[in-house]
Amino acid sequence: MDKSVFLEDMDAFAYRDALSSGEAIVLIPVGSLEQHGTHLPLGTDTILSRHFAEGVARRLGALVAQPIAYGYKSQQKSGGGNHLSGTTSLDGTSLIAMTRNLVKSFLKQGVRNVVFVNGHFENYQFLYEGIDLALEESGIGPGAKQSVLLLSYWDFVSQDTLAQVYPDGFPGWDIEHGGVLETSLMLHLEPARVAMDRLVDGPAAVLPRFDRLPVVPERTPATGCLSSAAGSSADKGGLLYDQVVADLALDLVGELALEPAAVPA
Amino acid sequence: MDKSVFLEDMDAFAYRDALSSGEAIVLIPVGSLEQHGTHLPLGTDTILSRHFAEGVARRLGALVAQPIAYGYKSQQKSGGGNHLSGTTSLDGTSLIAMTRNLVKSFLKQGVRNVVFVNGHFENYQFLYEGIDLALEESGIGPGAKQSVLLLSYWDFVSQDTLAQVYPDGFPGWDIEHGGVLETSLMLHLEPARVAMDRLVDGPAAVLPRFDRLPVVPERTPATGCLSSAAGSSADKGGLLYDQVVADLALDLVGELALEPAAVPA
Amino acid sequence: MDKSVFLEDMDAFAYRDALSSGEAIVLIPVGSLEQHGTHLPLGTDTILSRHFAEGVARRLGALVAQPIAYGYKSQQKSGGGNHLSGTTSLDGTSLIAMTRNLVKSFLKQGVRNVVFVNGHFENYQFLYEGIDLALEESGIGPGAKQSVLLLSYWDFVSQDTLAQVYPDGFPGWDIEHGGVLETSLMLHLEPARVAMDRLVDGPAAVLPRFDRLPVVPERTPATGCLSSAAGSSADKGGLLYDQVVADLALDLVGELALEPAAVPA
Amino acid sequence: MDKSVFLEDMDAFAYRDALSSGEAIVLIPVGSLEQHGTHLPLGTDTILSRHFAEGVARRLGALVAQPIAYGYKSQQKSGGGNHLSGTTSLDGTSLIAMTRNLVKSFLKQGVRNVVFVNGHFENYQFLYEGIDLALEESGIGPGAKQSVLLLSYWDFVSQDTLAQVYPDGFPGWDIEHGGVLETSLMLHLEPARVAMDRLVDGPAAVLPRFDRLPVVPERTPATGCLSSAAGSSADKGGLLYDQVVADLALDLVGELALEPAAVPA
Amino acid sequence: MDKSVFLEDMDAFAYRDALSSGEAIVLIPVGSLEQHGTHLPLGTDTILSRHFAEGVARRLGALVAQPIAYGYKSQQKSGGGNHLSGTTSLDGTSLIAMTRNLVKSFLKQGVRNVVFVNGHFENYQFLYEGIDLALEESGIGPGAKQSVLLLSYWDFVSQDTLAQVYPDGFPGWDIEHGGVLETSLMLHLEPARVAMDRLVDGPAAVLPRFDRLPVVPERTPATGCLSSAAGSSADKGGLLYDQVVADLALDLVGELALEPAAVPA
Amino acid sequence: MDKSVFLEDMDAFAYRDALSSGEAIVLIPVGSLEQHGTHLPLGTDTILSRHFAEGVARRLGALVAQPIAYGYKSQQKSGGGNHLSGTTSLDGTSLIAMTRNLVKSFLKQGVRNVVFVNGHFENYQFLYEGIDLALEESGIGPGAKQSVLLLSYWDFVSQDTLAQVYPDGFPGWDIEHGGVLETSLMLHLEPARVAMDRLVDGPAAVLPRFDRLPVVPERTPATGCLSSAAGSSADKGGLLYDQVVADLALDLVGELALEPAAVPA
């Protein structure tokens, strides 16, 4: 078995060895517990962000911390809405606070770069704020050796990959919730956790250009998915996963001035 | 002079008359105090969101509250970064708290619909969270008569308008900061506050697909603008403003089941 | 036109020039959105504090930031009470948080002195707390070059002025809400925003020596004003404004060891 | 011995008997731990507010809760400043939070009226905010049977008493810190805790009309008192105490529609 | 394969079926990321609490939510201290906030009983507070159908089991950190994650009866364990696990008036 | 009379003298306002912790600050529950905030060691968190001269004393609420505040191994005490008090490297 990249599996002394170079990178996957239609599990966002973090960590010789497994509230325009059972979310201030704590702690321990790998759209700004507060409180400003990166994995899907995954045209990231991207990735990475026989096809959701609160529940399709997962495949998932991990690792290597680790994905 | 739509100009008794129908709409512009390059004033986002709110209010017979004039921290990928002098921002929790207070107060006063008209990209999620908390604390859930809407004005720019404003192709919303859209709108609405003679042309910023904190200051162009404002004009601003106000008003009328007010923009 | 002293009108580069001396002063007006009777607009406190800040800024060569346009809850003994429609207020913690953010940001940008010009009685202690927290977090203690001042404009009205404005005796600051002082100032500074024909005369409110919550609504006069504005005049407003601006500017010059700017009010 | 009016001395069953009428009043003294010059103890504000609460409680048949013994930060214009050793204070949000907790708890237990008896100037607004939040969270609005009162004991000193205590003219409440009022009251109520032989005479402090932070330490007299306590006497203290207790009790009886209790002070 | 009891594996529709009876129980494991000596992984507390939750859930037909994988700060007297690298913790307020969010959300979704299964000593009071706040905000008081239970798994270890696991006498729960109990449980449940060859024997830590902060680092044994794990075995782990799961399930069945589910552990 | 060790009785200048050595110790008693059965007053925990602090202070030449007189919520398993009238508690965050403020203030004033003497079980973790936050914000880490200690007085009761106080066997600390320990201590220290004639005997409470919220009120004995106080005596109280004060003082002297003060208890 490959040596684990997951902090939860390492003992404190092995971890301290990893820190001793002063160059350690810790990736923190961030997901949600959120309804993802009839065919995908509630943990989809956390499962996927953890896989992306693992893939990148293996390439970079980095470590993967425990995921943030509960995310910010699902919004109707990007996740169907927070009113749907199964979706179990944190307030913005809770997510900010947890992020702040983790960043401060890892930086204080001597981690050089903390990288948040986000898999749930709604989290992004609250993670950003938690990072910003942590850096201010830690006295880390421009020019410091330590830094924190924040990214959502789908921002690394290339145009070429998109064209292959969506041969009939990409419907847009905003309604990619329980759709072809997430389903294909799950089919590739966690096929036992996908129930393609339960998948319900249907047209993509059409949502207004504003958010309305309280939500109008009828605007979310009955499946909870904003676009159909029909056309998903493990092959598409493999294509997506490999391309994103490769590009993401490449970007991080360039950004953090590291040599790629010898360990293949 | 047109009767003012601004709450700050109304006396409490006139305001109570406006509330008495039970159908009052209050729009809250949200902006920032943020550097916008050499040619636009620090208040650009607040100025523009206030104008959009006013235009829509006149069409709908709605009211415009005092703007939220300080916004969430400018991010390097959308506003150049919070490290630049002139940019004066709120923590996420401060913006959430203020939003929550305003929503609770206006709904308690009997306003039927509160509409946030956002003009600063980074604000969105914090406004959303403030609204969500306010509704929960107010006991307002799906099916209630009262509701809150949240939108950013640029989401109402049509493809057709974009094609006219950017004849050489639209560079993307993410780097529209101090660029052709904002500059043209200011030239149309507040020409005295624009210094086109100070405008510095240059290539659009190329920013990574992740956020890095602390920021790498050199990534922001020296002008503070993420794309060039060359090619801006008052005519383009007029086109943008009129189209957005018309479509936004139309959407709100449909959403809120109102008859358009007789007063033209 | 005079060069604007308002930050919202300046571009970031002009602002940085103003900072470059290391002696910049930024005044922050603080008001409220609060009922002010039948004859004054809801924005009265913000409008007046902004005018005082502008007057002082012109004398000192200082700058004026965007006002804090929503204030702490109106209290029955000083503003009629927070239960009256039109009065739209912030929680104490929200106002503290915003104040803390603004002070920290301006000081970090290199502003030497931040001066809060308060126009709404209830704000004072929350502004004070926000300032105190900001200074502690910024590591600024006694002897530092940078400092923050906090004042309410009415504390600069001289005995002589009072005697002229209230020839029959001054009723006390506590019930000066929508009364002769505010009305006269508005008549002088913003006559188009005053509706003297809607003014309702009546005796001054008599309020107990304690605060009671929930309020007993009947204790607030039907007009929402705690003392009558009868006897107000633009002349009195001019007298008040000129005397306060002059004395306030003089005090600040002495305090901050500045030469008065050449620009007259 | 008189039956104790202090909650800390009562057992829970006796307390429940007192609640059973549905008319119970609980007074909460609020003070500070704050320097009070060379001759008065650090606990002066708490000691005095507790005595006033006790005196009123005996007249009204009310109860006295444990004091809030740490108050908001001492301000230079009213207490000499928070930088002076011995002064040990709470942040505004801490005081708001504690107040909110106490009000919610006592009202939930069935106390009809909670009365805060304040003895430290700087506390007032934070107590007000804590009360307001508690009532909102408890769903108690205008017309409810339960209510909360907030007062500072010096607001009940009559003009006649002032004239007797300050035969040469009253210097103003703002600089009454460690002066004749507090010293006389302590001489009357707690003579063993006053060291008149250590009293240092001197002119009253002259402080600007603004607050400056960080404070300019030299502005506070070396004694820490803002006005001299020379001329204090136990007789003046007795006069002050008896008049205030009587008037305060009378006001509360009227306000709360109670018959005065038979027990004399 | 057994049907998963883990929410992260279920789709939203299967979860809603489970809720439909109105009798659903959700267990939330709570752990930490904390150094556990040379031979146990950083995730030990989370791993163990998740196993206990799973065992109980299988007996009760209950569900297991995503664990809270980061806990409150490790204290020197119970976990070696928060200063040790690898220990990555949350502030108390962050843990309270997250707990509050989860309880409110699950109860709102219709879960009848939420049960926190704690595996990290320091968490307990913050979980308790989060639960209490959530119930108050949800309006759930004594007599309600819904309830929340909070327990630490070691409180269910019987005297008889203790005697078998510690034949030479039980050293006390306070220093059971990385000792025989946790090690034996890990050997039984996750043998691949234990490195018995790295175990360092040594005397139990002797710690004072007070907490001192900042910690005196030398008081924690170099291994990070407070008592030796020598004598641990998978058999002891099996005994512990089976007894605790059985008793815990029995207690919950009695408490929640349920029939034990047919599924064996 | 002995010179007072209580800060509330000292003047600021005497206190500054005490600080001038750089070796000052300030003890902060922490209690609660909580039902303690039929025979003990609501203030029992505060009264006892204050006495222990006083006893230790006299031996060490230390000072005693004003107690924290309201504590964290009473839990059913250790205090009968927070639903019982008379029990008046703070939220966890309020107690954390106050503790943080006090620690920061005393350390900033130059106190070398702050020692919290806890008398209410439920407070402990919130005090710990407040201390930890204060030290971090004050920049005080391992090796610093200043430190904070936290202890509960019952952790210093020796086995020998326990055997004498409970000749029939010690029932356990968890149900020592209003029982023999607290009652005996009160009989020794404050006999006038104990009503032994009101004492109700009965069996000890049997409580589950979990906390359930909302509480099941019937689980708390009608007396509010978790174990009977029958068998209490002033002699036992004297034994307990003297042994604990002696041991506690000895431990502190050793820990803080002080010579015992000459003043006997």
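For reference, chains read A, B, C, D, E and F in written order, and residue numbers begin at 1 within each chain.
To be clear about the criterion, contacts are C-beta pairs under 8 Å (C-beta built on N, C-alpha and C of every residue); 3 or more make two chains touch, one makes a residue touch a chain.
Bear in mind the structure is a predicted one, so any value in this text is a computation, not a measurement.
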Identify the chains adjacent to both subunit C and subunit E in the sense defined at the top. none
By the touch criterion stated at the start, how many steps lie between subunit B and subunit D on the shortest route? 2
Partner chains shared by subunit B and subunit C (touch criterion as defined above): none
Please report how far subunit A has to rotate so that its Cα atoms sit on those of subunit D, a copy of the same sequence, as a value between 0 and 180° in steps of 5. 180
Of the chain pairs A-E and A-B, which one is connected by the greater count of C-beta contacts? A-E
When the C-alpha atoms of subunit E and subunit F are each averaged to a single point, how far apart are the two points in Å? 29
At least two other chains touched by the same residue of subunit D: list those residues. 91, 93
What pattern do the touching chains form: line, ring, star, complete or other? ring
Traversal of the chain ring from subunit B via subunit C: B, C, D, F, E, A
Residue ranges of subunit F touching subunit E (in the complex, touch as defined): 72-73, 75, 82-83, 91-93, 96, 115, 122, 124-126, 128-129, 131-133, 135, 140-144, 147-151, 155-156, 208-217, 251, 255
Contact set on subunit D toward subunit F in their complex: 6-13, 15-16, 19, 33, 35-43, 46-47, 65-67, 69-70, 84-91, 93-94, 97-98, 100-102, 105-106, 109-110, 193, 195, 198, 224
